[in-house]
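Just so it is clear, A, B and C label the chains in written order, and each chain counts residues from 1 on its own.
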């Protein structure tokens, strides 16, 4: 008699822990044939709000971590993902991906983490400036993380899309709350397990599963979120996000693309968009 | 009492430059200009400090001090004539009855590189000759080497040797390197008994600047707030035109104000300033821009 | 105690060479154009509340004409080589320099700021901005490595009343250098220098329609914001209007940059160069009558030096001269408008009602016009409204602090994040503070300094985007 499989329970990832949603709700993810893949937590607005509080707390020390340290942690995430590659390929296939594409997506996802790990101690040098002011002052502009970023991750390419959003956000010192692909959320929670074993400080990355329709407006209107990133094309949603964001002049970023495999899907400009420019002056005469 | 030099205010040069620029941007016109010019004139220590000075030169200078420009009515005399100790007697005699003070540099002026005995004798000689005011130099070498007690003691000794004569202490700010040092030297001089603090000998560049004068005025203000004692200020060297003199007065006016706006508490150490002030006063009276040809040299 | 009787005779800047017409029209498509609905409003001299000139009020139709003209001009202007675009901008810079004094006088007449500031700061900086961005026009590829840069299109630019010409320069120069065309609206209380700038733009030979200047109040601004063919909004003004704009353009393709309000913290440590710090406080809050979005309007003084600093501050305030903006000795000019004066006076009342201890020096305020004495509020705390809200006037709220962590926390305890100042002679403390303070511009041992090469802009509710410097280019470009 063959052995019965043990199914994994997928939960949320908040503050370095894997809690169930406070609401107790779930939604079922099914495959093309209609059979159940998993019951996912249907995160509530309160889950999101809790995550914001935790992310805000975590951001201070993460923002102060050295570039070297952040780079090494991103590289560590890549290592951990590489070591669990097969699991992720299998999960993508379960979620409906073709085998070859699934393998390619995981490869690219790992490489993307390595790519941004490398940018950690370099983007500042690309985007900073010493400004030759006309008065007797030394003046420089450098980037600082914008703070807490809420991300609605791409619906397709659920792993690669997710990582394409997480990596540039956190390498820049932000803490984030990500809403995973609604229809393909499994890999996001498995990726949380990777994060949790990669020295990423608790609360820096928080991953929710649930309904875009329910959570997006909450993400856009929350007064302690500095930036919202929305991956998708729905014009009504984009309009709504901008309207709600105006409550606290939240920065809004929209990515309408579907394909995250191309070269253009990664660049230091993805990091820069989630940064503020700070300019500092000091007199030079003695 | 030796001052506590550990908690002195510090200065930021860019900031001081900006502040000075604000003073210089004041536009002094018409009645306030005439008033200012006359005030400046009354504050001048008309100076000759040359190796080639002679009795004749000093006498001519003294006559000029008493008769700056007799055509102009209602103008003040200068505050003092400043000479080397060897001509104090000459000046004293020439200025007799004029109310103009005789000031003398002393203490191995301008370098101050001698021993205390020589400096004391130098001072006593000038005082004996009738000097009303002594302009001493501090030992910049000792100051820069950090021997502040030495500098303090020397000033205190000279003060004693001055007797009734007023003591102006020359910091020679052009050799002190930083504004913070200027403040420190001001502090030492004031606590050691200076009646005036003075920027420069005129023999070193830069001589007086508005920046160092500003720092010294700030020191005087703090000293006054702490002790209630008013110390005078004398910028010297390089103040050769009316506009600059007025800018110094604006600074004095806005930092120390009324009580310091007289010759008892502020002097200009200068030689060519006098004629420029006179030219401006004549212009104000006649409306005609003047030529130096109409103003006597000494 | 240090007051003096030697007062300065009036020294008014000459106005003989200044020509102001009785009536100004809109500048649309390279021509001075009467407004379609024929309406005009008065621009007032705030130092005596007398009318200076009639100004055309642009209606929806006028704005539409201007946007259409800009749209039509866009293709040719964007296609022009960067080198040639740059040369036009250099010309504008030079023309401003040539007519600098005229502009300074008009700026002070129309806006109430002291001539010392308009002459030494506003106008030279405006010219510098054009010079700086002119040079970028043919070098944009170096500003954005590995990307292909394109202009955005038609930029709608809305200018505040506190630095009328300078803010126009901040917006026009980078927009033109990157190949955009512009519809610019000056503030209704200070339209004159922008209209004079239209003359310069005309003289420079800039192709018609590249810059269009439409005058009017908030309604005219709203027409620009809501015009479907405007591709980019650049706004400087209040946070309230900034929020309105972000909301209004939601769902459109429009890019936006916002320079909004602030409540800058100015922090004095016990080891600061106290005297320069006091001067810094003066510059931080009384520059331009406090009509400065980055004003250091919250002062934090370390308790151990609070008495000294406040005494020195009061002494310094005694020497400030409030009065005729055109007098070269004036330190603080007229409040920009009656309305703004009411706002400020209301906040002073609120401060008093909240129990703040007020200090104002003895100064003779002129009888006519809009005036406010420089004002301190002592013994206030974070929860006072005058500490939290932007007053936009010469009113400083003073708090004391004890430790570094405490002051960082309080300084950041605001929805704003535009500017901050730190005064200490300890290098490591400077860098600690400048890193921890959440603000776009940090002045260490100085305050209220501006330069064409230096990016300016805020965190949080102080807006987004930068103006000035390399970073100021990004607001006006898109990428393939």
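Everything below uses one rule, namely that a residue touches a chain if its C-beta (ideal position, glycine included) is under 8 Å from a C-beta of that chain, and two chains touch if they have at least 3 such contacts.
Treat the numbers as computed from the prediction; the structure is a model and nothing was measured.
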Busiest interface, counted in C-beta pairs: A-C
Chain whose mean Cα position lies farthest from chain B: A
Identity of the most central chain, Cα criterion: C
Computed distance of Cα centres, chain C from chain B, in Å: 44
Whole-Å gap between the CA centroids of chain A and chain B: 70
Averaged-CA centre spacing for the pair chain C and chain A, given as whole angstrom: 37
Shared-contact residues (touching 2 or more other chains) in chain C: 445-446
Multi-partner residues of chain B (at least 2 other chains): 12, 14-15
Residues of chain A whose C-beta touches two or more other chains: 135, 137, 283
Interface residues, chain A side, partner chain C - complex: 126, 129, 131-135, 137, 139, 141, 144, 146, 226, 235-236, 238-243, 245-249, 251, 267, 269, 276-283
Chain A partner contacts - residues on chain C that touch it in the complex: 128, 145-147, 239, 242-247, 249-251, 258, 260, 415, 430, 434-435, 439-446, 449, 451-457, 459-461, 463-464, 466, 469-471
Interface residues, chain C side, partner chain B - complex: 1-11, 116, 120, 271-276, 279-280, 319, 328-329, 425, 445-446
Sites on chain B touched by chain C in the complex: 9-12, 14-16, 18-19, 25-33, 35-36, 39, 218, 221, 249, 253-259, 261
Partner chain A, residues of chain B touching it in the complex: 12-15, 17, 178
